[in-house]
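Letters A, B, C, D and E mark the chains in the order given here, with residues in each chain numbered from 1 onward.
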Amino acid sequence: MTDRDRRPLPLSVRVVLGVLGPLLLLGAWEAYCRISDVDALLLPPPSDVATSLWEDRSLLWDTFLITAREIAFGLAVALVLGVVLAIAMHLSRVVRATLGPLVIGSQAIPLPVLAPILVFWLGFGIAPKLAIVAVICFFPVVVATLDALDRVDPDLTRLLRTMGAGRWQRLRWVELPAALPAALSGAKISVAIGAIAAVFAEYAGTEQGAGGLGHVIQSAQSGLATDRAFAAVAILAAFTIATTGALALAQRLLAPWAHRRPGDSP
Amino acid sequence: MVRRLGALPVLDGIDLDVAPHEVVALVGPSGCGKSTLLELVCGLQQPDAGTLRVHPAALMPQRDLLLPWLSSRDNVALPLRLAGASRRAARAAAEELLERVELGRFARSRPDQLSGGMRQRVSFLRALATERDLLCLDEPFGALDAITREELRHWLVDRLRERPRSVLLVTHDVEEAALLGDRVVVLGPRPARVVAEVPVTAGRADGRHREATDAPVVDARRRIHAALHAAIAAGRAAGTEATA
Amino acid sequence: GEKSEDVSGSQRPPQERISLLLDYLPNADHAGIYQAQANGSFSKAGLTVDIRTPQDPASVLGLVASGKVDVGITYEPELLLARAQGRDLVAFASLVTRPLTSLISLPKAKIRSAKDLEGKTVGTAGIPYQSAYLETILRKAGVDPKTVKQVNVGFNLNGALLSGKVDATLGAFWNYEGVDLQQRRKKPVIVPVNELGVPTYDELVLVARNETLINRESAIRRLVRAIGEGYQAVRRNPDAGADPLLAANKDLDPGLQREAVSKSVDAFFPADAKKPWGWMETDDWASYAQWMLDQGLLKRQMPLDNVLTTDFLAGEGAGEGRKTPGGQDRPAQKLPGYRGE
Amino acid sequence: MTDRDRRPLPLSVRVVLGVLGPLLLLGAWEAYCRISDVDALLLPPPSDVATSLWEDRSLLWDTFLITAREIAFGLAVALVLGVVLAIAMHLSRVVRATLGPLVIGSQAIPLPVLAPILVFWLGFGIAPKLAIVAVICFFPVVVATLDALDRVDPDLTRLLRTMGAGRWQRLRWVELPAALPAALSGAKISVAIGAIAAVFAEYAGTEQGAGGLGHVIQSAQSGLATDRAFAAVAILAAFTIATTGALALAQRLLAPWAHRRPGDSP
Amino acid sequence: MVRRLGALPVLDGIDLDVAPHEVVALVGPSGCGKSTLLELVCGLQQPDAGTLRVHPAALMPQRDLLLPWLSSRDNVALPLRLAGASRRAARAAAEELLERVELGRFARSRPDQLSGGMRQRVSFLRALATERDLLCLDEPFGALDAITREELRHWLVDRLRERPRSVLLVTHDVEEAALLGDRVVVLGPRPARVVAEVPVTAGRADGRHREATDAPVVDARRRIHAALHAAIAAGRAAGTEATA
C-alpha cells in the first residue's frame, strides 16, 4: 500500500461506489422482504417505498421543504449557541464549572418530557421545533469545540501574549483557527442528527397543515402506511448525506492546513 | 529565581542584567535551560519562586511556533496587526521584510510549504517586527547555510544600528556569539548558572561588520570555548546529572 | 341551557377564536370536527377554531390546565386521574361514547375468549390503566394473570401483532387498528374491553378548565353545538363523512379513514337515542371511577359532580346533571360508592 | 488574565460551582412554577420531583440499574463498532466510498421507524435496546475518529514506512495514538446521548417487569405522574454527568500528551 | 528525476551516487531542496517524473518527527520493535543508546518535556537504531552546542567504523561537512543542481578523528565555501528566483 492509497479516489469513482453501496443494500433488502415472512407493515420492500416516493411526491416535497427549513434554522441556532458557549466555557473557568454539568445533564432529557413545556412556552409554530433541533444538535458542537480549544498548543497562545495580544485577540488569531477543524467535525455530527431531531421536533405538536416530514412519518405509521414512512425517511437520508458532504467540503476549504495531502510537504 | 520543570530544577539563582542597547549572547550545553530562561524573561513561562520583572520583549522561540493557518506574510504581519496596524499596512510591511530575506516569492506560502531554514527566517522576521526594546532570539540562524547566515547576521546588526535595542541571543555557535555579542554569558549544565562572562571588545564603528578573523573575536571564541568545556567537564566530574 | 342564546339566527355573531387540541393526530374520530369546520358550522356559530395536534396524548391535559389551549380532547380515565390530582378540569361533551380500546388477536393465536389468553403473550401500550384492564379481564375469565406474559410495545401494537411477537394486543382501537387489520384481510378477532368485564366509559371527551367554562360559557356552548352538528352531518352521510378530514390532512389514507368513520358513527352518539350528541352517563362514570379506585389507579375518592357537566349540550336533555359549572347553587350529586371529599 | 486562568480550578471549587449551577437553576425553576400559571403536568416544581425521587426511590433504583446496563453495553458495542468502522474506512478508500453515505444516511432513520423491525428481529429482551443505543451512539465515534485519523500528520506515517512498518504497524504506532484524543471526544458525545437513546429504546417495547427508566418515564407520563417522569430524568442526568466526567478523566489519562498544561514545557 | 511542489520545480535532474560505506555531505542554500532530496531517496516523498530506486534507508528528518505519545526511550526503540524485537530488548538497547548521548535520565520523558537539542539527539538515535545500509541525516547536529556536537560527531564516526554504512548527510555547517564527508556535494539554488563536488582527502586511519585544523579539512572548507558563494551569486545574477 502506497501513499497513493491515501489520496481520495476520483470523484466519479466515489460517486459510483457511493451509489453502489445503497443499491446493494436495497437489493438485499428487497430479496429479504420477498423471501422472509416479514410483514410489509414492519418492513416494506424498497419497491413499495419507491412507489410511495413517486405517488406521494407532491406531499413529500411540500413537507420536506418545511422540515428542511426547521433543520436549517435549528442547526444555525445550534452552531452559533454551541460555539459561543464553548468559547465562554473556555474563557472562564467559573462559567465552565458552573454550566458544564448542566450542559451535559441537558443531554439526558428525553424529548417527550421536554416537548410539552416547550410547546407551552413557544406555542405550536416553528419556534418549539427550532428549539428542539437546537437542543439536540448543539451538544456535539460544544463538546468538540471545547475539547479542541483545550488541546490548542498553549505555547502559541502564550507567544501571542508576549506580543501584547489581549484575550480576544488570542482567541481570534490562535484558538479559533486551531479549534476550527475539530469544531467542524462536531458540526458534521450535528448536521447528521439534525434530520432526526427535526422529526422528533415535529412530533411535538403542530398547527394544522404545518407539519413536515416528521409529521408524515408519524401519521403514516399510525395510519399504518409504513411504505410512506420509509419514503419520507429516504428523503431525509438523502438530504442528510448531501448536507454532510457539503460540510466535509467546507472543512477542507476552511481549514486547508489541517488536511495536508500526503506528499504535499517536505 | 527558581524554575522547576517536573522534579528537575532547571534554573537556580541566575542573575542577569542587560544594559540598554547591549547584545548579550547566551551559550551553554544543550538542555541546560537557555530556552527556559528566555521564555521566563518574556513571560512565556512563570518562575516557581523568586521574582522576575517580565520585560515586554519580542521573542523568537526555538521551535518556530509559526501559526500554521497563516501565510508567511500574515505570520510576519501579526505583531503589527496586534499593535493596531491595518491589514493592508501590516501586510505591506511584512512583504518588504520578506523581500529582504529573499522570501518575497513565498509571501503567500503556509509554513508547511516552507523548508526548515525558510521557516526560521519567517519566525525571525516576526520577532523583529514586534516593537519591543528587548529582543530575545533563541538560536535564530541554526538552520541556515553559512552564506545566508552571514547575510542575516549583518542585516540584524544594521537594523540594530538603525533602531537600537537590547538583545538576548541564545546560540550554540560560539563564533556567532563572539560575532554578535557585546558580552557572552556562558551557562553551566543544569541547573543553569553563570560560569563565565566574556566581554567582546571588537568595535562596531563606522558600519563595519566584525569578521571572524578579527583578533578580539578569535580571542573571545577561544575563551568561550574553554569556559564551556570547563563547565561541562566540571558538571560531569561533580557527578551532577550530566547533560552532554 | 340558556335558551336566549341564538346561534342559528341570521345575524352573524362576532368571530371568536377558540383553540382546540386534539388527543392525537387527526383521524376518523375527529371526522365531525372537520365536518363542522368545512360546512361552516363554526363560523356560523361565530367561532374561529384553531385545531392543534399534540406531541402525545399525555400532554393534552397539561396544556389545557395551563391555559395554553382552551379546549382539549382526552380520555375519561385520564381526566379522572387529573381530577384526582386536583386539576379543575371538566368534561363537557363526549366525542366517543364507548370504549374503543380492544383485545385484538389474529386467528392463528386461537384466542376466542379471554380464557384462551392463558399462557399467551399480550402486548400493551405501556399505559397503566390499560394494564389494569388486562388484569380485570383475566380475573373475570378466571385466568391467573401470572400465566400471561405482558409486553409493553409502546406505539407499535399492530406491528407487534403482525410480527408474531405477541399473541394479542390490548390497547389498540377497534375502529382503527382493527379496521386496518380487516382491510389487510388478517381476519382479526376484536373484542372491546367493555365486553370483557371492564366497566364502560367514554373513550374521548372534550375538556376545558372550569374557569373557561364560566368565563366563556357562550363560546363553549356554541362550540359544542357546532361540533354536534358536524357529527350529525357525518351520521347523515357516513360515506362522505371523512371527506373534510381527508381534505385537511393530505397525509391520511383515505380507504382506512372512510371505513373507520363508517364503523364508528354509532360510537359518536349516546346509546340512548333520546339523549343529545355529547351526552355522558353519570352513572357509568361513577362505576368506572369506582373500578379505577378498586384497581388502585385512583388513590382517593372524590365527588364526581365537578368532573363532568352536560349543561352545555344542545337540545333536550341539556341541563341535566349540573346546572352551572362553577356555581354552588346545584344539588350535590351523590354517586354510588362515593362519599364527599 | 494570566496563565493561571487556564489551569483547572481546584477540584473543591469546581464541585461547589458544579453544584451551585444546578441549584441556581432549581431555585429559578421552583420560583417559576410558583409564580407562573404553568401546570405541574407540564413542569412539576423541583420540590415535587424531589418528593417523588424519595418516595419512588426503590422503583427508580431498580429501573435505573436496568437502564444503566443497557447504556453500558450499548455504548460498548457502539465504541467498538465505531472505531473498527472508522479504521476500515480510513484504511480502504473503497470501503469509505461505499459505506460512507450509508453510515451518514443511517443517522436520518428515526427510531419509531427502526424500532419495530428491530423488535421483530431481536424480540423484546435487552438485544433490541443494545442495538438502538449502539445505532444512535456509534455515529459520533465514527465521525470523530475518522476525522482525526484523516488529520494525522502524514509525515509521521510515512516516516514509519521508511522504517519498514506495515499498514497495521503504522496504525498501531502512529494513527491510533494520534487520533485517540479526538476519538475520545467523540465518545464523550456518545455517552451523553446514550441515556436518551436508552429511553427511546425502552419505548419500543419491554417485557413486563423488565422496563427501565424509559419505561418509568413513559408510564409516568401517561399516568399523569409528571413528577415521577422528571425524577427519572434527574437520575439519568446525574448518571450522564458522572459517566461523562469519567470519560473526560480517561481522556487526560490516556492521552496526556494532548493536554499539556500551560507552563509545563520549555 | 523531477520533483515539483506546487508550481515550483524543486529538484531537476540530480544525479547522485553514493558508494558503499561512503559518507556524502550535501551542502546548499536554504530552501534549495536538500530535505526534499533526502526524503525522495528514503521514499518519504515520491518523484513527479523520472525514476528513482528507493533505497531502504534510515532517515533522521529535519523536523525531528518524534512521536509525541512515546517516551524518548520508546521513540528510539521503535525501529527495533518494528524489526521484531521484544519490548524489553528494544527498550534496553534504546536506554543504552540514550546513555551514550547523556540522555539516560530522560529515557522516560516525552518529547514535549525535552529541550530542542535533546529532541534532536533522540531523533538521531532513532535513525541510528534503524538497521539500514544507508543512513540519511538531515542536519543532525544543528541544535547542539559546540562541545556536544563534536562529541556526537566523533561518536558517529566510531559507530560507522564498527558497522560501516553509506551516509547521506545534509548540513549547513561547512566545517561539519568537511569533517564528516568523504565527498561534499554542493547544490545550487532551486531547482537544485550539483554545482561542485569536493572530495575530502583527510584520512581516518587508526581511529584518529579529523581535526578542524587538519590541512585537507581547512582546504575543503575553503573550497566548499567558495562553491556555495559562487552558486548563490550565480543564481541571483541569473535572475532565477533567489533563495538567499
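Here, contacts are C-beta pairs under 8 Å (C-beta built on N, C-alpha and C of every residue); 3 or more make two chains touch, one makes a residue touch a chain.
Each chain and its UniProt protein: A, D = Hydroxymethylpyrimidine ABC transporter transmembrane component; B, E = Hydroxymethylpyrimidine ABC transporter ATPase component.
Being a predicted model, the structure only gives us computed values, none of them experimental.
The minimum number of touch steps linking chain D to chain E comes to 1.
Per-pair tallies of C-beta contacts place A-D first. The greatest centre-to-centre gap from chain E, using C-alpha centroids, is found for C. Averaged C-alpha coordinates put the centre of chain A at 39 Å from the centre of chain C. With centres defined as mean CA coordinates, chain E is found 87 Å away from chain C. Put simply, the C-alpha centre of chain A and that of chain D have 16 angstrom between them.
Put simply, the C-alpha centre of chain A and that of chain E have 49 angstrom between them. The set of chain B residues touching two or more other chains comprises 5, 35, 45, 62-63, 113, 115.
Looking at chain A, one finds that residues 3, 38, 42, 112, 116, 120, 155, 158, 218, 221, 260, 263-266 touch two or more other chains.
Residue positions of chain C touching 2 or more other chains: 56, 58-59, 62-63, 66, 155, 159, 163. Put simply, chain E touches chain B in their complex at residues 5-6, 27-31, 33-35, 62-63, 101-103, 105, 113-118, 121, 139, 142-149, 151, 172-174, 225, 228-229, 232, 241-244.
Partner chain E is touched in their complex by these residues of chain D: 155-156, 158-165, 169, 173-174, 177-178, 180, 255-257, 260, 264-266. Interface residues of chain D facing chain A in the complex, by the touch rule stated above, are 1, 3, 5-6, 8-9, 13-14, 17-18, 20-22, 24-25, 38, 41-43, 93-94, 97-102, 104-113, 116-117, 120, 139-140, 143-144, 147-148, 150-151, 153-155, 157-158, 167, 181-182, 185-186, 188-189, 192-193, 195-196, 199-200, 214, 217-218, 221, 226, 229-230, 233, 236-241, 244, 251, 258-265. Taken in their complex, chain C has these residues touching chain A: 24-27, 50-56, 58-59, 62-63, 66, 68, 155, 158-159, 162-163, 177, 180, 184, 248-253, 256. By the touch rule above, chain B contacts chain A in their complex via residues 42-45, 56-59, 61, 63, 65, 67-70, 78-79, 82-83, 110, 112-113, 115, 130.
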